[in-house]
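Naming follows writing order (A, B, C and D), and every chain is counted from residue 1.
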C-alpha cells in the first residue's frame, strides 16, 4: 500500500527531496538476473537531462545495498539508495511554511498534520528516480523475453518565456504475448492507468484510441480479425477484457505543466488563510516532459513484469 | 489481486454470466451500519434500465448470505449473490467456440487455456452488478459523513440504426474533506483511474481538466488560492499530490460502444485462424452508457471509502 | 486480511453459524484442474463424523457457484456455499445475550460493538467447513505433483463423563521438493504456524522436535547430512531457514478441549458484570479432535500451494 | 510478501550478512510520533550483548534516511540502514561453497539456484537487527497507549563446553485492551505465531498454557469470569476467538541451540554429495537466547500495532 507498487514483483520507495536520500527495495525479482549497469545508467541519465530542464545538479548515483552478488541477483530484496548530495536546503527559508498553489503542501498538511517543508518533501518529483531504478530492472527481465518498451512525446509545446509547458507521452509495448493481464480488477489497462496516474503531474490516461472511442460507432471501433490473430486496427490498444491480445500495447498519458515558474510572483497562502505574494527564485523546470518519458516506461515495465508473473502460475 | 478490489474496505467478486450466480464478499466494512435496502434496490435498478438497453430480463435480486443481522452489519464479511435466473444458455451454440472480434474470448483462452464459452463468461458486463452492490454499501458509509457521489453523461451520441454508441461520464464527489489519498502509488487519482479503467469498455480517464492540461501553460493551469483554502479554479479536479484538497473531486471516463450489434454480420475467428461470418441474433445493448453511470459511482465510492480509512489511522 | 488466507492461491471465507450459509471464494487456482468430487466429499465427511461428535446434523453439501465448467476449473474465482439447513436458532433464547466463558462472545462484542448471538456466529467452528473445501482443492493440485499430506492424532484422552478432551495432531507432508518457502517473514514454518493457530481451539504449534529443541545441545539437535542430501535425523521437521529441504515436513498442533459441555452448569456473564449460572442443554462435542485432523491438513495444503507458486516465479 | 511483515503498519527488510548493509522501510507509521532514540539504542544494545555471545563486533548504528524530520515522524516511509562495517569476508574461503548442516545454505540454493555464500547471507541472524528497529518504533506507539511488552527467559541451560544451548522465552503484553485481533485468519494468536516462528531458530510456539491444554479437561481449561470481565485463570493467554480479552497476552517461543559451534569438526556437504569434515574456526554464539528476547518483543510489538489499527477502523 501507499509506497509499494506491485504484488509479486514489487517496489517500495522512500525518501524526501531534501532528506538524506531517496531509494527503494525491490522484492520478488527472480534470481540470476545479470544487472545491466549500462542500461541503468542510461535510464538515470534520461531522467536527468534537460535543456534548461531541472537545474538541481545531482549526479543520481544509484548505490545497491543488497540482493546482488557479483552483478547477479540473488532473489532476495534489492535495496538501493540515491543520496541527496546537493540538498540546498538553504534555498528555502522565509516562505517555507507557506503553501504554494498547485502543490501538495496543503494536502500533505491535511493528511498528516505535519509536512517536510524542505522543497516538495515526499511529493517531490525527485521520488521518480526510484521508479526509474525499478523500471530498469524490470526492463532487463523483459529484454530476456524479447519485450521492449518505448515512448514518444506526441505533444509538447515550447514553453512561453516566463511560463511552462506540459504534454502528452505515448508509450508502446512491443513483443508482449497474448494472455497477460488479470480479470476483473487487475486488468492490464487498469493497472497501467494506476501506474501512469501515480506519476507526478499526470492528468489523463488513454488506452488505444482512448477518448476518441466515444465518437465512434461500435462497427467503427471494433478491431476486426486477421487470420493470424492480429487485428486490422488496434483501437483497443492491444488489450481486450483486460488481457493482452498480442498486438502492440499502446497508451497515452497527459501531464500538466509545472506550476512553479522561475522569477514568477506567486500567491502563497499561510495556515491562517493570508495570501502572500512571493517572487520565486529557485531553479525550476519549464518543461519536464522530455525527462518524464523514462518514468512512463519504467512504470509500464514494472506493471507488465508484475502481471506477467501471474500467467506463469497457470499450472503448478 | 485480480478479483479483489481495495485494501481495507475490499470486495472480492466472482461469477460467470451464464453460470449459477454472480456475487461477492465485502470484507472490512465497519460494524453497525444500517443497510439502506431502498438505496441498494435503486442502484440495482439504475444499472438494469435502458431504452432498448439490455434485454436480458434478469431481476437481479441481491441475496445476502452473511455479515448482516437485523439489517445491521456485524463487521464480519458480507457475502451476497445474484442468481442467474435466466441463463438462456441455448441462445449459444454453433458459434460458441469461435472468438468474437472486440471481445475477451481469445484473450481469456490465451490467459487460461480454457474459457467459459457461454456468453461473455467472467468477462461479461454482468459482473458489474456485484460492483454496484459494493458501491451501494460504500455510499451508505459515505452518506454518514455527508459525502455524496453523482455522475452526468456528458457525451453519448444517439446510436445509429443497426449500430451502437459509447460516451463519456463525468463523476463528481462532493463533501470529501481535504487529506484523503496516499502517496506515492496510492494517490487518489491513481486509484480512481484503476477503478474506472477496470470497468468493461472503459478507454480513457481524465482528472479535472484532463488532457486539456497539455494545452495550457503553467500559469493558466495553476489553481490559485482563495482565503478559505478553496481554489479559484479546479483544473486539478480536487486532488493535489494524490491527496484531496477539499474541492469537489471531478473526473471523466470514456467508454467505447458495444462491439456486438444485433442482426449484424460479424467476422468471428476459430482456433485455427479461419474467419466465419456470423449473423448475430442475441439481444444486445446499442447504448450501455446510461446504465454504466451507476457502476462509475460505485467504483468511486469504494475507492474513497478504502482510502478514507487510511487517514483514520493517523494516531493510534 | 482477516477473512482471506494466502497471497497467490487465496481463499476468502464468510458466514455465521446460524445465518443463511457459510462459504468462500478461492482466487488464484490454476485453470484446467479436474475437480475430484469424491475427494471433496470424503474430506467433508471426515470433518463431520464423530462418536458422539457434533450432533448438529447438517449434510454440508457444497454448492459451487462459479469458476468451474464441466468439472474443470476456469482460472476464475471458485465460489462455493454451504447452506445452514438446520439452524435450530430456537435452541438459543433466554441466555443468548450473555457471554459464555471461554468463548469469543465477549471479545467479538469488544471488537465490533455488536455480535451475532445466534450460536458462535462468525467464531463458530462451523467456519472450518470452508477451509476443508479450499484444502480439498489444494490437495488436488498437490496430488498432480506427488505431494501428499496426512495427519495422525498423537494424543487425545478419552473424555471424562460430563467433560471434554483436547489433543495433539501431527501432520506430515510427503513428497515436497526442497526449495519451497520464502525468507524472511514468509518462512514455510511461520506460515504453517499461522495457518494452524488460526484453527479454533489451537493452543500450540511445534515444528519437528519443537519444544524439545530447548533441551538439546547444538550437536544433538543438528541434522547431519547423508550423501543424497537427506539428513540422518529430522529434528528441524524438513524446513531450514524457512525453506523446505526435501525431508518430510513434520509439525504438531495442540488443541484445547471444548469449553461448553452438555448438561453442565456454567457461569455466564452479562453486559453489566452479573454472573448467571446456566445449565447448558445444547448438543456439543465432547471430543472434537478426530474431526479437526482434516482441517489441519486443509490448512497445510493451502499454505504449501500458496508458497509453492512463489518458486515457480524464479525465471520469467 | 516474503520480506514484508504487516499490513497497515508494515516493515520491509533487506540485506545480506556480509553485503553492504542490512536495513528496512517502515510504511504506515502514523505521523507526529517523537522518536525515542534512547529506547532504540537500548533495544539495539540488548540484541548485541552476550557473555561470549556474538563476537562479531559491529556497532549496529542505525542510520535513518527518510520519514523523520526534527525527531518526529512525517507519516511517510521511514527507511533505515545498518552498515556492515566489519564484514570479515575473509573469514570465509575454502569451504565457502559447501553446505553446512542445519543451515539454510542448501535450501537457499534449491530455492534460488544461487546464494550469497559469504556467511549466512540473507538467512543470517543479522537480519533480526532490522526487526528490532521496527519493534522499537512500534513500542513507542504502544507506550502512548499504556501498552507494554516484556519477556523472560524461562528455560536456557548453561551451554556445555564446546557445545551450544537453546531455550524458551516467555513474552507478556500488558495493558492491551479487549478487542484487538481479527477473525478468521488474522487472529491475534495466529499472527503472533507467524511472527515468532519467523525468527531464526524458532521451533515451537505456545499461547497461554499451550501444549498443556491437551492434558486438561474442558472444565479445567475453561477460564471462568470475574465480575469485572477479567478471568480467574488465563489458560487461553489473553486471546479468545483470536481477539484479545483484556487479560495479559502471554505466549512462549522455543528456540533451538546454534548448530555451528566454534572449534567443532563439522561435516559439510558439497554440490555433488561429497561429505567434507571441516574444523569450524569462526566466532559463534554458544547461547543466543539472551539476545533473542528483544527480537521476540519487537515482533510482538509490530504484530499488535498492525492489528490494533484494524480496530480503529470501526466507524468511518
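Here are some notes:
By our rule, a residue touches a chain if its C-beta (ideal position, glycine included) is under 8 Å from a C-beta of that chain, and two chains touch if they have at least 3 such contacts.
Keep in mind it's a predicted model, so treat the numbers as computed, not measured.
At the far end from chain A, in terms of centres built from Cα atoms, lies C. Pairs B-D and C-D differ in how many C-beta pairs touch across them, and the larger number is found at C-D.
Chain geometry summary: the mean Cα position of chain B and that of chain C are 35 Å apart.
Work out the mean CA point of chain B and of chain D, and you get 43 Å between them.
Centre to centre, using the average C-alpha position, chain C and chain D are separated by 25 Å.
Multi-chain contact residues of chain A (touching two or more other chains) are listed as 1-4, 7-8, 13, 28, 31-32, 75-76, 111-113, 122, 183, 314.
Considering their complex, residues 1-5, 7, 13, 99, 101-104, 106-108, 110-113, 122-123, 127, 155-157, 159-160, 163-168, 177-187, 189-198, 200, 202-211, 213-219, 221-225, 227-229, 231, 235-237, 239-246, 254-261, 264, 267-269, 273-275, 286, 310-311, 314 of chain D touch chain C. The touching residues of chain B, counted against chain C in their complex, run 1-4, 7-8, 10, 12-16, 19-23, 25, 27-28, 31-32, 63-67, 69, 72, 74-79, 81, 111-116, 121-122. Chain C contributes residues 7-8, 28, 30-32, 75-76, 141-142, 144-145, 183, 305, 308-309, 312-316 to its touches with chain A in the complex.
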